[in-house]
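Multiple structures are listed underneath, in structure tokens.
Look at the two complexes coming up: chain A is in both, with chain B in one and chain C in the other.
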Partner chain A sequence: MVVLWTDALIFVLLIGMIVLSVYMLRNPRMTRPLRQIGTSKTGMVSLTVLLFFVAVGLLDSMHFHSKDSNEIVSVLDQWLSPIRLHGEKTYSAPFAAHLFGKELMVLEDGGPVWAYPRLQYGGAHLDDPESELFYDVLMKASFGFIKSAIPAAIVLVLLVQKFRHRQNALISQASAKAVAWTIFWIVTLCATLLELSSYYHVLGTDKVGEDVLYQAIKSIRTGLVIGTLTTLIMLPLAIVFGILAGFFRGWVDDTIQYLYTTLNSIPSVLLIAASILVVQVYMAKNEEQFTSLIVRADMRLLFLCIILGVTSWTGLCRMLRAETLKLREMEYVQAASALGVRRRIILFRHILPNVMHIVLISVVLDFSSLVLAEAVLSYINIGVDPTTHSWGNMINGARLEMAREPVVWWSLTASFLFMFTLVLAANLFADSVRDAFDPRRMG
Partner chain B sequence: MNRSPVLEVKNLTVKFGSDNPVVDAIGFEVHAGETFAIVGESGSGKSITALSILRLLPVNASVVADEVNLNGVDLLRKAEYELCKIRGRRVALIFQDPMSSLNPVMTVGEQIAEVLKLHFSMTKKAIRQRVIELLTRVEIPEPEKRAGEYPHQLSGGQRQRVMIAIALAGEPDLLIADEPTTALDVTIQAQILALLKAIQHKTGMALWLISHDLALVSTMADRIAVMQKGKIVETGRSASIFQNPTHPYTRKLLDALPSMDSCLGHKREEKPSLLKIDEFKVYYPIRKGIFKRVVGHVRAVDGVSFEIEHGKTLALVGESGCGKTTLGKSLLNLIPAYSGQVIMDGIALNKLTGEALRRKRADIQIVFQDPFSSMNPRMLVSEIIDEGIRALYPEVDAVDRHARVIDLLERVDLPPDSAHRYPHEFSGGQRQRICIARALAVQPKMIVCDEPTSALDVSVQAQIIELLKDLQKEQGVSYLFITHDLGVVAEIADEVAVMYRGKIVEHGEVEQVLLNPKNAYTRELLAAVPRLQNKDV
Partner chain C sequence: MIQYIIRRVLYAFPLLLGVNILTFVLFFVVNSPEDMARMQLGHKHVTEQAVENWKQQRGYHLPLLWNAEAGGAGKVTETIFFQKSAGLFWFDFGISDSDRRNIGADIKQRMWPSLAVALPTLVLGLITNICVALLMVLFRRSYLEFGGIVLCVVLMSVSSLFYIIGGQFFIGKVLKLVPISGYDGGLQALKFIVLPIVIGVLSGIGSGARWYRTLFLEEVEKDYVRTARAKGLSETQVLFRHVLKNAMIPILTGVVVVLPLLFMGSLIMESFFSIPGLGSYTIDAINSQDFAIVRSMVFLGSVLYIFGLLLTDISYTLVDPRVRLS
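Then we have the complex of A and B:
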């Protein structure tokens, strides 16, 4: 068992989330908003998708020393071993049996020939890929689908039957059905992809012959880490400074404003580059602490999160300050001070809940822009470690691939698809959460 | 009147989605040269009627009518581009809020010229001349200079005059005025109404007035339609409606109107003094430069002295910007005073700080004007009401607190199950009751009521006044009642103080101030108040 820094933080975050959910489920006041989320089909489906991504991320956050190679691998790596280890020489298209580029080969009779060589693993079981490939893919896909669909369907139907007549359930019948369908499709899709992946490269391979599907799946963890840990660092700074500046005005406001204008006036890329370089120098000087590649990469990821968090709180802070300035003049805040309510209680009871919608929306929007920021930073080589799988690195690599003729499109498409699904699910879920917790929107 | 009407509406129904109709099968006519008024409380559908005729409603509204006929043109059968030529040209609209209906980044002259360019082909010079002419007609002084100014440089009354000038620019046959003076002070209101009358007299256009104010309508309109819940319940000539209203709703509205005469027969009794302020001043500093040096002061409250007795009501009357709200808030220490003392039971409240001040806050409470922004939308009514108890009497346990909340709700005539609902589920009047309950929760000796009834309909207003009077009788609480509405003052006050530019210009018993004013400003204020014409003589 190896616990990396980001692993530990992710699990701390997970425990926090579980505690929060238990608190919310126990609190009778929360029943109404929770039930409203439960009746929103979009909300529940996107939550299911989101949870699936989180589950993948968590599986990828449990590391241990592999028995055979003494490498540090995650549980997910172990499960995806067939895809992980089936590397080719270089580019190959999705479902291809041949490499993407022609190579000089030596025929049996010793004569050279300029042709597409067969892949080492992809479609290697076929004798004549030309005629058999399509039929074989269809067969394998249907087999994978049926193999998983039947047990999945039975389990889901049983579950739905069992809970069908439960009164006072938080989830409505309609959204329970939608969730069941979503789970069904996710499970069968995964099974089909797994089945196909042991024979083919479903999303092709990249420049060094690594399976693109594997890369995209591995990138989920990086995306989640950057999105959540950065937010975790940024939120307290933004909320505390923003609300204090707006509520107390005067010198508190002046100090905080000077702080964030100063921070804003330094080009953030420069700041990030400088900090990353400092970390690299530190790691080079203390090599004995960073024995393996993965530990180094993880350290760099963590510092990237911290630096992004420290530089990105200013935008939200400004918005919260402005909103608080508006709220502090609201009559209910004045009524509360006339009632002798202490100022810190006013902050918690009247100001904080009424700025939460801004926090929620900007956190979700930031989540997607952080994943993108990671891509931009990787471009100038100050993002995550080049050995870390991330959508940013994939997109960065696609720069050269797009310039090729014919175009190598699958890396970009794969990272785009995964990123899109994650960000969309997060956005839709945040929408229904915001609607549910705003009493004015109650229908 | 045998001329054909300017506007003829038959069987008009407006619905939003599949809900109940907001306007329900109404019909009326507006004739040239006459003033037609639709009166009703908020939500009765009067503004929707006006907007639906010009097809200015949001897309989810469905408008159905047998006929909407403007000078022989059926408006509902016109294409959108044809309607654009009618809006502003044949029919013009004036809205309630002159600030938000003018574009803040365009000069006043440009905004009037915009209408002229749209509807007439005129040379630049002619437009310029016409703009000056229009500004002169709405009686704006120095029209040449004003045409080049921006809306924020004008006062509220002047902005509304500009709005009227814009409406007149198209030389319309029909002018729709939707609550044209609700956002203005009474003296300005009187001027604007006189102006509208004069212009109508000169141009002979039809004026369609939409208002909630019966007294105002009675001074202006020739014919009146009373609207309730989307239906017109009564129409007729103004005199006949006010003399013998036939419909019970009209009668209810008329009865609910506060009357100046209700202060007659007010009994004077001596009570011990509760609160006293002497030469009280609240100045806002004007800061300039990078070091924010104080270069001067805005004298919001400039040396005010008065005394409030136990269980009595002092009404503080004045127009907007005279400093009455500032004074009210600084009595509660919400705005720091510049000099002077607030002495309650021998303790100078505004000299207290920290914990001592917090403890003393129970004695004096406030009820605000806007019942929508005065409660935290994310808190339950029970939490809103017991907030003060939790803050000032932490020793009271949850069970007692809850019992107290239920008791308070009963006292303000709300059902006990209101405790577990959110403020947005209540109407304006009910919300105001919750605010009163919140203030009462800490057992104050005095409540500052800052225009508590101005955002409410007349019938609801009468109920809230009644409630406040009952509570005073039961609990002996004193009120400082801040208002601009002299009718309400007559209903509730024992004494009246008239405030003008931060100073009190007249102070006395309610009867003396309202019926026999000594100060010139008080007299002007009283003269401007629209009074019901021909009410049972």
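Then we have the complex of A and C:
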């Protein structure tokens, strides 16, 4: 068992989220907005997709020393070992049985020939790929689909039947059905891909012959870590400073306003770039602290989250300050202070709960922009470590291959598909959260 | 008014001082010039002498804040803080670390290509977004609006990198309408900047049109709009004469604040299309770990942003007669 820094923080965050959701489920004030999300089909489907991504990310966050080699691998790596270990020599197209480029080979009679060599793993079980490949892929895919579809369908139908007649459920009948369908498709898709992956490279291989599907799946964790840990670092700063500035005014307000205007006035990309450069120098100086490649990459990821968090709390802080300024003039706060309630109690009991909807909305909204930002930052080389799997690094590596003839399109397509799904789900979910919790949108 | 502007300009100084101190701490205190020299020269097989020379040539051999050896005013001026950080206040950017070029001259030369791409992108993007948003509001509660919203969310969910790569691939490589990347002086530049501008506008539609739509929708609910309709004005007249005019206030002020920053250009656009602007200058500096250039750009960016804030306040009074500066 090896616990990396980001792993530990992810699980802290997970516990926090569970506590928060239990609190929200028990709190009668939260029933109405939660039910509104529960009746929104788009909201529930996108939440399901998000939870699936989170589950993959969590599996990828449990690391241990592998028995065979002395590498640090995650549970997900272990699970995906057929894909992980089936490395080819270099580029190969999706479902290909041959390499992408021609090579000089020696025939049995000794004569050299310029041809496409067979892949070591992809389609290696076929005798004559030209004629068999299509039917074999079809067979393997339908086998994987049927193998998973039957149990998944049975379980889901039973579950839906069991909860069908429950009254007062938060989730409406229609969205429950939509969620069941989503889970069904996700499960069967995963099973089909897994079945195919042990015989083929479903999304091809990259320059060093690594399976692109594996890279894309590994990148999920990086995207999630950046989207969530940044929030974990940003939230305390934004909440404490925002509420204090709005509540106490005077010199506290002036200082905090000065602080965030200063930070805000530096273009954020430049501030991130400057900080990452500084971190790079620091890590180069203290090389002995970072024993293995994965620990080093993990530290860099953590630093990136910290830097992003420190540079991005200003927006939320400003919103919270404005809201607190409004709240402290409200009658119930005035009444509380007239009754002699201590200021600390007023802050915790009257102000904090009433700004929480802003926090919640902005956290969900920020998530997708952070995932997108990671790709851009990695492209400028100020993002995650080049050895970390991330969509930004995938794009960065594949971008120059667009100039090749014929085009190597699969790395870009894979990262596009995964990123688009995650961000779209996050955006749609954020919309339904905002509709449910923003008092201005209640109708 | 003039009094107000003077006060705001004076307020900018503590802000800039804060930025200056922050960059100073980041670049000189957290990492000493010694570390930077070793980073630039490589870590192994580098002699003390080489590091000293490197520092001497670039003026990093001075003490950080207080020079005890110098006499008189030199105690303060003969320091890294005074020479490298304080100089930024009068726009003396010094020389770059890697090839020792004059940063100020480079900036002057490189800001025009940046502006040539960024300004049309902003203006065209603004017009497009407003048109799309107005259309959605005009056809509100219809399938057209629903389709528009869905399209906006989908467009928003695509990373800007894919817009650029896709645009370069389809327009530049497959259709061969314009060159994929590059730049030229004078009117020749036109064919090079068309593609970045088109892509810039396209990639902004999703979030831009959605944001403007909420602004318009807020305005549409108001009483004066209902009165205008009751007078018998047609829906288009109401939208263009009343809603658009009033919603322009938040839109304009949002635009004014980024106007000065247009000089800085866009980092990704410029490096993808190899436009010799300030954005690609910054990226090159980041990649070659040239701290002097990054430091200058951080400071320049902050100055422009603070200038943008000042412009915003002034434009408020110009477009909204209800606001009085005091």
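In the analysis below, the second predicted complex is superposed on the first by the 328 of 443 C-alpha atoms of A that agree within 3 Å, B and C clash if a C-alpha of one lies under 4 Å from a C-alpha of the other, contacts with A are read in each partner's own complex, and residues count from 1 in each chain.
Quick note on the criterion: a contact is a pair of C-beta atoms (placed from the backbone, for glycine too) under 8 Å apart; a residue touches a chain by one contact, two chains touch by 3 or more.
Because the structure is predicted, anything quoted here is derived from the model rather than measured.
Asker: Identify the partner contact of A:A274: answer first if only chain B is touched, second if only chain C is, both if each is, neither if none is.
Answerer: Only chain C is touched by A:A274; chain B is not.
Asker: If you stack the two complexes on chain A, which partner ends up touching A:V341: first (chain B), second (chain C), both, or neither?
Answerer: first
Asker: Any idea whether chain B or chain C touches more of chain A?
Answerer: C
Asker: Contact-wise, after the overlay, does A:P353 reach chain B, chain C, both or neither (first, second, both, neither)?
Answerer: In the superposed model, A:P353 contacts chain B only, not chain C.
Asker: Is A:K326 touching the first partner chain B, the second partner chain C, both, or neither of them?
Answerer: neither
Asker: Quick one: classify A:H125 as touching chain B (first), chain C (second), both or neither.
Answerer: neither
Asker: Would you mind writing out the residues of chain A in touch with chain B in their complex?
Answerer: The touching residues are 330-332, 334-342, 345, 349-350, 353-354, 438-440, 442.
Asker: Please name which positions on chain C make contact with chain A in the complex.
Answerer: 14-15, 18-19, 22-23, 26-27, 30-31, 35-36, 38-39, 43, 153-154, 156-162, 165, 168-169, 173, 261, 264, 267-268, 271, 282-283, 286-287, 289, 291, 294-295, 297-298, 301-302, 305-306, 309
Asker: Mind listing the chain B positions that touch chain A in their complex?
Answerer: 329, 332, 334, 358-359, 361-362, 364-366, 368, 370, 373-379, 384, 387-388, 390-392, 422, 424, 435, 438-439, 441-442
Asker: Touching chain C in the complex: which residues of chain A?
Answerer: 258-259, 261-267, 269-271, 273-275, 277-278, 280-282, 284-285, 368, 372, 375-376, 379-382, 391-392, 395, 399, 402-403, 407, 412, 416, 419-420, 423-424, 427-428, 431
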